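Inspection log for the structure reproduced underneath, given as structure tokens.
Chain nomenclature is as follows: A, B, C and D, assigned in order of appearance, with residue numbering initiated at 1 for each chain independently.
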Amino acid sequence: MTQDQDVALSVKNLKTFFYTNKRCNKAVNGVSFDIKKGKTLCIVGESGCGKSVTASTIMQLLPTLSRIEEGEITYHSENGDIRIDQLERNGEKMRSIRGSEIAMIFQDPMTALNPVYTIGFQISESLKYHTDLTRTQYKTRAIELLRDMGISLPESRVDDYPHSYSGGMRQRAMIAMAMSCSPKILIADEPTTALDVTIQAQIFELMDTLKKEHGTAIMLITHDMGVVAELADEVAVMYMGNIVEAGTVDEVLRNPTHPYTRALLASIPVLGKGKHQDITAIPGSTPDPYDRPNGCQFADRCAYRIDACDVMPEETQIGRTHRVMCWRHEEVGANAAE
Amino acid sequence: MLTYVIRRILILIPMALIISFLVYLGLELTPGDAVSHMISPEMMASISAERLDALRVSLGLEQPFIVRYWIWLQGMLQGNFGYSTAGGVAIHAILADRLPATLELSAVALVFSTIFGCVLGVISALKRGSTTDNVLTVTGMLGVSIPEFFFGLVAILIFALKLQWLPVGGRLLPGYDSYWDHLPHVIMPALVLSIMMTAGVMRYARSSMLDALSKEYIKTARSKGLPEWRVNLLHGFRVALTPVIVLIGFRLPVLIGGSVIIEQVFQWPGVGSEFISAVRSQDYPLVMMIALLSVMAVLTASLLVDILTALIDPRVRLDK
Amino acid sequence: MQQNKDVILKLRDLKAHFPVKAGVFKRTVGHVKAVDGVDLDIYRGEVLGVVGESGCGKTTLGKAILRLVESSEGQVIYCSGDEQTDLTTLDNEGLVPYRKKLQIVFQDPHSSLNPAFTIFGSLEDPLKKYGVKSRAERRKIIGDLLEAVNMRPEYMDRYPHEFSGGQRQRIGIARALSIGPELIVCDEAVSALDVSIQAQVLQLLMKLKQEKNLTYVFITHDLSVTEYICDRIAVMYLGRVVELCDSEELYAHTLHPYTKALLSAVPVADLDKQTDRIVLEGDVPSPVNPPSGCPFHPRCQSAIERCKTDVPKLKRYEVDGRDHFASCHLVDLPEAV
Amino acid sequence: MSMTNTTGRKTSRLDRQFDLIRRREEAGQLTNPRGYRFARKFLSNRLAAIGLLIFTIIVLVSVLAPLLTPYDPRAIDLRNILKPPTWAHWFGTDKVGRDLLTRVLYGGQISILVGLGSALASAVVGVLIGCYTGYVGGWRDALAMRVSEIFMSFPQIILVLLLVAILGQSLSNLIIIFILTGWGGIYRLARARMLSLREEEYVQALRSFGLSTPIICYKHILPNALGPIMVNITLSTAAFILAEAGLSFLGLGVPLDIPTWGNILNVAQDLRILENNWWVWLPVGIVISLFVLSVNFIGDGLRDATDPTQQG
């Protein structure tokens, strides 16, 4: 693959395994993708598919009982490439990237902020370690950031504690914290799952503005296909530790080529299609991560299953940007086009 | 914050009243002439039976129970704690004599165990699963399992009787009263008491710290690129501190209990050993007063703990 | 009004206020007006959707119907033929016959089943209470219930942790069905499930509704699901119903500005259907001190002077010959319709 | 089979563990554990298993004391006073020639009875009150809370001694006193668990069926609170055994004519015995410490086994 000029971070054949309870869970089992400058990559999948683990792996924020087994995570910084997977977990080099080059926001703004410190203090912590600002400038900058994020009365709000913020405001404060050092990449791990739709709309609008104004590359993790359709430039669909299908949002949503993607899209009601829309449930449930099928992880629930599916399908490039992991992708794709 | 403190105090007052009432009830039910609790024995010996009756009336003792309680309570608030039946000494004099010794012992143990307990607990939590952690955990377990007096006995045997480095017990020999003279006396009881307490604080600090470290905001702090010491101490320990302080407040009764026995083992002339001799000689007024005093100490400590936690944890402070 | 339909439950000016205590003496300084005057008729055999954002009182409304939270004012009238009973006036004993008619399915598949009991253990006590004396009979009933929710009867001897989220939710439905209710409140019944499982449970609910002639009050924040499953929809904001009409009608002719914003904010998984989003400013105000006048006016982009002072009533409008209720002053303005 | 560690970091102890697990996982040797998760986790905790072993041994030898020793714990033998350990008297003899091993064994019966019995009884009282008032809330809850606060603001030993002074010294009095002073802690624990468990959806489901309060709170909710309660019972057993020993050591616990661990230690207050006759007090002190240690190990093991957040 030729390296695009505008790729901010590339992940190749990444495997992250968890070792809790003396078992080995292959949470992320060989995923590859690029995050491009000024674009949004959505990683979509159900709970337990490994999407959040992928995000934590990039930030090296994994729990103790887990490790990167294989693969490369390369951050293309202005001063050359950095292999994140080879850095020490909480070493100096990794810390200098976290927060300043790559920032992250989390799913639940209620628990992601430390309850005993003011919002201003928590924002200034980032500034302290990644900028040359002086102590007095921290507060001005924090107020500025909060104002940018659309928090009213930032001058007084900056000295408030998280519990006096509403959920939406906390997520804004989280974004302010993440954006404080103008990172090149923003990883958002289900940033609106805990929020209401009207607040979700506010947060997405804010993220869209940031992407346009700062050229930030965004990796957005979500389980909601609607969010993908509205925000993504590119999509990667994950199932049980693999990216089963990836491509631009047009390719994946208009012409889904993996049976899982197709089934997923067919199983969700779409607003505005009325009461008589056709909905097909996916049979069965996701397999036990400790008792996975040998081959294709989706095989047991798949309408297209054949004997070949007992072997893990290879990743096939079916367009310049569109790739899929399925033995029968041609037939699936043909059906979709009908 | 002010509302919070006032609220805490207002909760405390009825508690203190109920407990003092119970203590008075106990006093009334135990054998002994009520007058003898209230006037000095010399006076008692020197007056006639008629005068005694007159005195009863003037002290209000023929009045209903609740009024007697009220009179007694007023006396208490003015520092009139009554008289010991055994020695006939005024209780406030006994307390004035014994309290400093107990406070000295408890203060040393409290400070020592808080600092060392927290430090060791945090180290143990940060190195979870390592050899250091395992050694500290088992040591802590031993610390809370060995009876304190047994620990004290072994210490006396080794350091006082065999090695003869330190005195067996007591606080001050007559004639020696500079601070340095009594330092050797305080070392053993204070250390024995502290080590018991330290083990408890350490175990608690460890689990509280582990709890704090598993929180989501620790991940947030790391994601900002903060150095580990800052993540662990400013984000982890600061939050873990609240339950530890609450625990130390709760452990005050344990400290008082421990000091009662330790004072006895080391013949330390504090309130605790006085209490035991009062129980042995069934000196009810003294027993009751010391019990009341210890409850008041616990209540005051719990108030202080509440205020302290409110100061370090904005959630507590701003909640109400 | 739709007189011809058979009403099963009438809510009349239902209010659920919870005291807020503060200050030195913990005096009541205000009330959380979780549900603040709701009038609703629920018809036999329909699926009534109750939608709104968190804190709008939809869950409290559902629980107030079942008396899982006590309402502070108003009536919940159960109708059967000519018999009408106000459930809020009954004591625990008197309520028992009605408990049988009304049941609830919960949101969280992890906390909705008792982890210490097998499925049989969890489900048998209600049956005992409602007169199934023999154990064999109870096992038979529970086995049949599990089959009805597409599970194997022998699963009744397993513990909840052996099941996936979707399976637990189906067990929760089986439990609600166990004593043969007429109306089931589904409190965010599919919200916590993965999307691929959601559809299974939704289709199961629809199947059961047909088979057992059930009525659902379907409480959710997910408008896409509501549209798919509900016959009528009530939109709630700060404890009140702001719009109520047939499901298709709501999407076709939205009257209330809040509903409009809500609908536009939902991300749609269809690239061809992207609409312009109406992004509301600010947060939902606190239900302790709701704004004066129309509770929505501080966030409403087309609010007029009148909205700040007058509380709009839920009024009936007729759009294309169908009933449509909304509480908004703007709808009364001539240019609005 | 060689593991490829492409990340190029140095391998640690943890890495080697991971390699082993992964190798076994891929070889299909690891299956989802069967049987009681709780028992498995408890026994895989080495300290807890050791604790259980020591606990069982001490309890057994105490209960079987009449079969194990030929002596009477109260038989005075003035020809054998303060004899150091011999084959005839493994732990030696005391001031009046009683066999110390026999006294330790018989003493164990009483000490364990006092410790375990008071812990169980105060747990029953605390759980009965805590579960009910915690579930129903309201004035009952407030009342129970106030009462427990009053009991708990007395330092335990002070309250115990106070009651000893009033009620007098006897074995049954001691147990009653321990229950009075001990119920508060477990009551609070049970209440706190109830406060969070009563919000669970399965509880609301039971309420929506109109089941009665005792059935809901004792039959359905209580089993879910048993984990922490069990842990608390072990911890309070340890505490009561220590308290009995302490009180008896002071001569204020169980009357001195009944052998208990604390009563045996009582003589060590005499400095001459402390210095010259170690066998009189050292073995029994070690037995108390071992027993309490074993109970604490069991408690810790229970806590880890019942805590779902624990991994490893």
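By definition in this document, a residue touches a chain if its C-beta (ideal position, glycine included) is under 8 Å from a C-beta of that chain, and two chains touch if they have at least 3 such contacts.
Remember, it's a predicted structure, so these values are computed and weren't measured experimentally.
Overall, the chain located most centrally, as judged by its C-alpha mean against the mean of all protein C-alpha atoms, is D. Interface comparison, A-B versus C-D: the higher count of C-beta contacts falls to A-B. Chain centres here are Cα averages; for chain A and chain B they lie 54 Å apart. Between chain C and chain D, the centres computed from C-alpha atoms are 48 Å apart.
For this pair, chain B with chain D, the centres built from the Cα atoms lie 24 Å apart.
A separation of 54 Å divides the Cα centre of chain B from that of chain C.
Residues of chain D in contact with at least two other chains: 312.
Those residues of chain B lying in contact with chain A across their complex are 215-217, 219-228, 230, 235, 238-239, 312-315, 318.
Contacts from chain D toward chain C in the complex involve residues 200-202, 204-211, 215, 219-220, 223-224, 226. Residues of chain C touching chain D in their complex: 63, 66, 68, 92, 95-96, 99, 102-104, 106-108, 111-117, 122, 125-126, 129-130, 172, 175-176, 179. Within the complex, the chain A residues that touch chain C are 46-47, 152, 166, 168-169, 196-202, 204-205, 223-231, 249-250, 253-254, 263-265, 267-275, 277, 279-283, 285-286.
Every residue of chain A that touches chain B in the complex is listed here, in rising order: 56, 59, 61, 90, 94-100, 103-104, 106, 108, 111-116, 125-126, 129-130, 161, 163-164, 174, 177-178.
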